[in-house]
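The two complexes that follow have chain A in common; it is paired with chain B in the first and with chain C in the second.
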Partner chain A sequence: MSFLIAQSLINGIILGTLYLLMAIGFTLAFGVMRIVNFAHGEFYMIGAFCALIGVTWLGLPFPVTLALTIAVAILFGALVERVVFRPFRNDELSGMIASLGLAMILQHGALILFGPDPQAFPAIVTGVFKWGSLIVPKSRALALGIGIVILLIFYLFLMHTRHGRALRALVQDQEIAAVFGVRLEIMYALGLGFGVALAAVAGGLMAPLFGVSPFIGATPLLKAFIVVILGGLGSIPGAALAAILLGLIESFTSSFVSASAADIVTFALVIVVLLVRPAGLLGRAET
Partner chain B sequence: MSVTSTSTAGGVRPMKLVGAILLTLAATIPWFTGSTFHFHIAVMVCISAMATSGLAVIAWVGQLSLAHAAFAGIGAYTSVLLVVRFDLPVLLGLPAGALVAGAVAFVIGSPLLRLRGVYFVLITFALNELFRLIMLDIPEYSGGSSGIAGIPKISLFGITLSSYQAVYPFALVCLSLVIGLLVLIRRGQLGRRFAAVEENLDLAESSGIPTARTQNIAFTIGSAIAGFAGAFLAHYVGFISPETFGFQLSVSYVIMLVTGGRLALWGPLVGALFLTPLPEFLRGAVEYQHIIYGVVLIAVLRFLPQGLVGLPAQLAQKGGRA
Partner chain C sequence: MHSDLSVRNLVVNYGPVRALHGVSFDVPEGQVAALVGSNGAGKSTILKSICGLLKPIEGEIRVGDKIMSPRPGDPLRHGVALSPEGRRLFGRLSVEENLMMGAYTVRDKAARDQMLDRVFVYFPKLKERRRQMAGSLSGGEQQMCAIGRALMVQPRVLLLDEPSLGIAPIIVAELATIIQEISRDLSMTVLLVEQNAQMALSIAETGVVLETGKVVLTGTGHELLASPEVRAAYLGT
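Let's turn to the complex of A and B:
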């Protein structure tokens, strides 16, 4: 029994880290630009395809591929911000509807380019780590390790660099930030670019575990969505707390009850949180 | 933003007449061509236009629902289960579907509608997902992921409308009734209350309009219409599953509404009329169809904030300025 609990705990933390990678970009887009980005899952899908192209078509090593994926994703995010989202900067609802259109374009674009069939991704590492009766596949441990490193780098960027501070200032108050010389044109593009990059990295990290297809974006979008609602739209610490919580809830419910029960429980939880405390666990109330 | 702006602008009267003539002509196209396929598209336009009209009623009080497909699903399953299990005539199943969908909306409406803007969209998105998951979890009623097939066709007083040609007049009648209801609401006191709530909720509240109740009335009416359209769809297509009423369907209703015109009376009809036949002319290229939907949606949001319905007025305004 205690073995099952420990195994669930580890699985939950792995899931939570990946959900966090997805959720930060989603919550950043809302915090900075007030856009609920329904296309966020498609950026995960694009990241997975970038990794696939890098590793199998170009034959690059996995770390180089990931670095390239990040670079491509930042540029792509900035482009999307400029072309699709910028006209709707002061209109939350239209921005969100536009993101629905963007999601359709990206998903079906990928469908035309790559076809509907899932594509296998060559394993980066094989084998398992074993501690007593605990088992962690090395591929998952690798995804977890890289995920944590990237999250730490992003945290340092956010807390200790000029642009990071500017981003946080924007989340708190756009007008005051602008008055203090934060350049909105650059920071909007940067904010979305980083968000897209984190989603793309999550896609690249998960590609070896789950395979790649144009439809893989839907589930991560749902998870990011749940995490961000629970943590509070726009709140990064809230997202961190909620991501780990969601990972643990899912892992424990599916070990001890069933996987479909886990989904129903989390969605019911989302609805209750929205009704009782729309600002989420750690979000600030709207004024 | 004002809902009456289009009817007060000069030179709109003849435009309305032209619009009415065009719509009537469009409705008769299948009889001219006689093609079964065109009858099928025409019926699909009617069903989409009905469902989108329901979404429009909710949009009139300033809320955008992403749970519209779920309410269509509630209506569809209500009607199908009543007809299949209790041998109820389909003609009673359709309004029963509307009734149950409306009742569910009424009950959950008052807590939901405390949320506004994107928060309301998010909670309705979660609700639609919850509906799908719960339906998948009770296969004894929903048919699970393989759905329910062989649903009885619509029959009127003993005559089964089995061919596309036979269903189409009935679909036109239903659509006319739904649009008639929308016109009644829009012209009446309720419509003015809706407009006031949409325009400025706080001002409406302080002017003595019970805003919460008004929004709930709109949500209930709109969702009931969705239930009716969903039930119609189920009996017309003959197959439903929980996946039929997923996120994608909700999104396509939103796309039709926004493309037609979010606040215009004729927006839902124009949106459905423009977007439903579009994929049929691109057959064999379903992927391109969705890309076109996406591009149309973003372009309309960007350049035609009042939707296609607002296009003549927008052109007239430009012409007047030049």
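Let's turn to the complex of A and C:
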């Protein structure tokens, strides 16, 4: 029993890290563009395919592949911002519809290129860590470790650099940020680029664990939504708390009840939290 | 004395509505100028135009001998900084981070630190609260932070939009003194936009009275304070 608890705990934390990567990119894109980006899950899918191509077709080492995935994702995000989202600035509804269209184009593009079947991802590392009866596959530990490191680097960038500060300022008041010399055209592209990169890196990290297909983006998108709403829109600590909570609830419910019960419990929790705290766990009400 | 900030024949529309009908005035170098007038006279419109947030239909704004282009960020490069109406701090950034955003374009760290120290000399309260979220400050402290943020670029022209708005009278008096000191110590040109005409004119060397998008009176602060029209219209005496 205690073995099952420990196992669920670790799996929950891995899921939580994945959700947090997704949620932070999603919030960032929302904060910068004011658009609910339905294509965010497809960036996860693209990240997974990038990793697959890097490792199996090009034969690159996994860390190099991940670094390339991040670089490609930032450029792709900047391009998407310029071509798809910028024309709809200050028009949230049209921007949202554009993001739905983009999601379809990306998903069906992947379908044409790679076909509908799930593709196996070769194991990056094999073997397990064992502490007594507790067993953690090294592949999961690796995904968790890299995920946490990337989250930390991004957090440090956001909180302790000049451009990170400008990005946070811009999310709060674009006009005033511009008056103080923040170049909006560049920051918009950078903001979406980083958002896309975080989703893509999540896809790349999870690809070896969950496999790759054109349809894998839907669930992470949904989870990012839940995390952002649950944690409080725009609150990073809130998102972190909600992501870990969501991961743990899912993993415990799956272990002790059933996988389908996990979704029921999750959504019940979201409804309860929103009834009790409409602004989310750590969000503040709009003033 | 030559003028540091010069507004010539400024015409601005909000959609179909004309907000400014050809406004002209000058602010001499190193002086405090007050722009007073009732709500909707076009005071904030002038400031927004000066810092590039609004595109004038006609007219010209000069700082020194440079013509400002109507793009946000460009006037800043020529030394124009704004403390906006309603303060508009970045509420979820700390006080120090807000000040640092003011110096966003200042690459030289030594210059930034020096200016930060100076802002803390004028506003010691901000130093006490430097790690606190700006959104949690009192109204007066937020106003100090907004002025401090604008000071951080060491501007040549400082634009203050309604610094007395929603602030206790005792703090307004304190702010007025500090604004005068700043202008004097740093020989900074200050354009002070106020509904509180009494406060603004009493510290201003130059005064401009605006009514429905036109300049109706100019003079020294003391002349305007004494003028019967101003007294009747804005001071209620």
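By our rule, the second predicted complex is superposed on the first by the 278 of 287 C-alpha atoms of A that agree within 3 Å, B and C clash if a C-alpha of one lies under 4 Å from a C-alpha of the other, contacts with A are read in each partner's own complex, and residues count from 1 in each chain.
Everything that follows uses one rule, which is that contacts are C-beta pairs under 8 Å (C-beta built on N, C-alpha and C of every residue); 3 or more make two chains touch, one makes a residue touch a chain.
Keep in mind that this is a model prediction, so the values were computed, not measured.
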item	value
Fit or clash - chain C, chain B, common chain A	fit
Partner chain(s) touched by A:274 [first = chain B, second = chain C, both, neither]	first
Touching partner for A:107 - first (chain B), second (chain C), both, neither	first
Which superposed partner A:36 touches (first chain B, second chain C, both, neither)	first
A:229 touches, of chain B and chain C: first, second, both or neither?	first
Chain C, chain A and chain B - angle at the middle CA centre, rounded to the nearest 10 degrees	90
First, second, both or neither for A:263, with chain B first and chain C second	first
Partner chain in contact with A:177 - chain B first, chain C second, else both or neither	second
Most chain A residues touched (candidates chain B, chain C)	B
A:87 touches, of chain B and chain C: first, second, both or neither?	first
Partner chain(s) touched by A:97 [first = chain B, second = chain C, both, neither]	first
Shortest span in Å between Cα atoms of chain B and of chain C, once chain A is used as the common reference	16
Overlapping contact positions on chain A, where the chain C interface meets the chain B interface	none
Chain A-facing residues of chain C, complex	51-53, 72-73, 76-77, 81-82, 84, 88, 90-93, 97, 100-102, 104-105, 149, 153
Chain C partner contacts - residues on chain A that touch it in the complex	162, 165-166, 168-169, 172-173, 175-183
Chain A residues touching chain B - in the complex, by the definition given at the top	36, 84, 87-88, 92-94, 96-98, 100-105, 107-109, 111-112, 222, 225, 229, 233, 260, 263-264, 267-268, 270-271, 274-275, 278
Sites on chain B touched by chain A in the complex	64, 111-112, 114-115, 117-119, 121-123, 125-127, 129-130, 133-134, 136-137, 251, 254-255, 258, 287-288, 290-291, 293-298, 301-302, 305
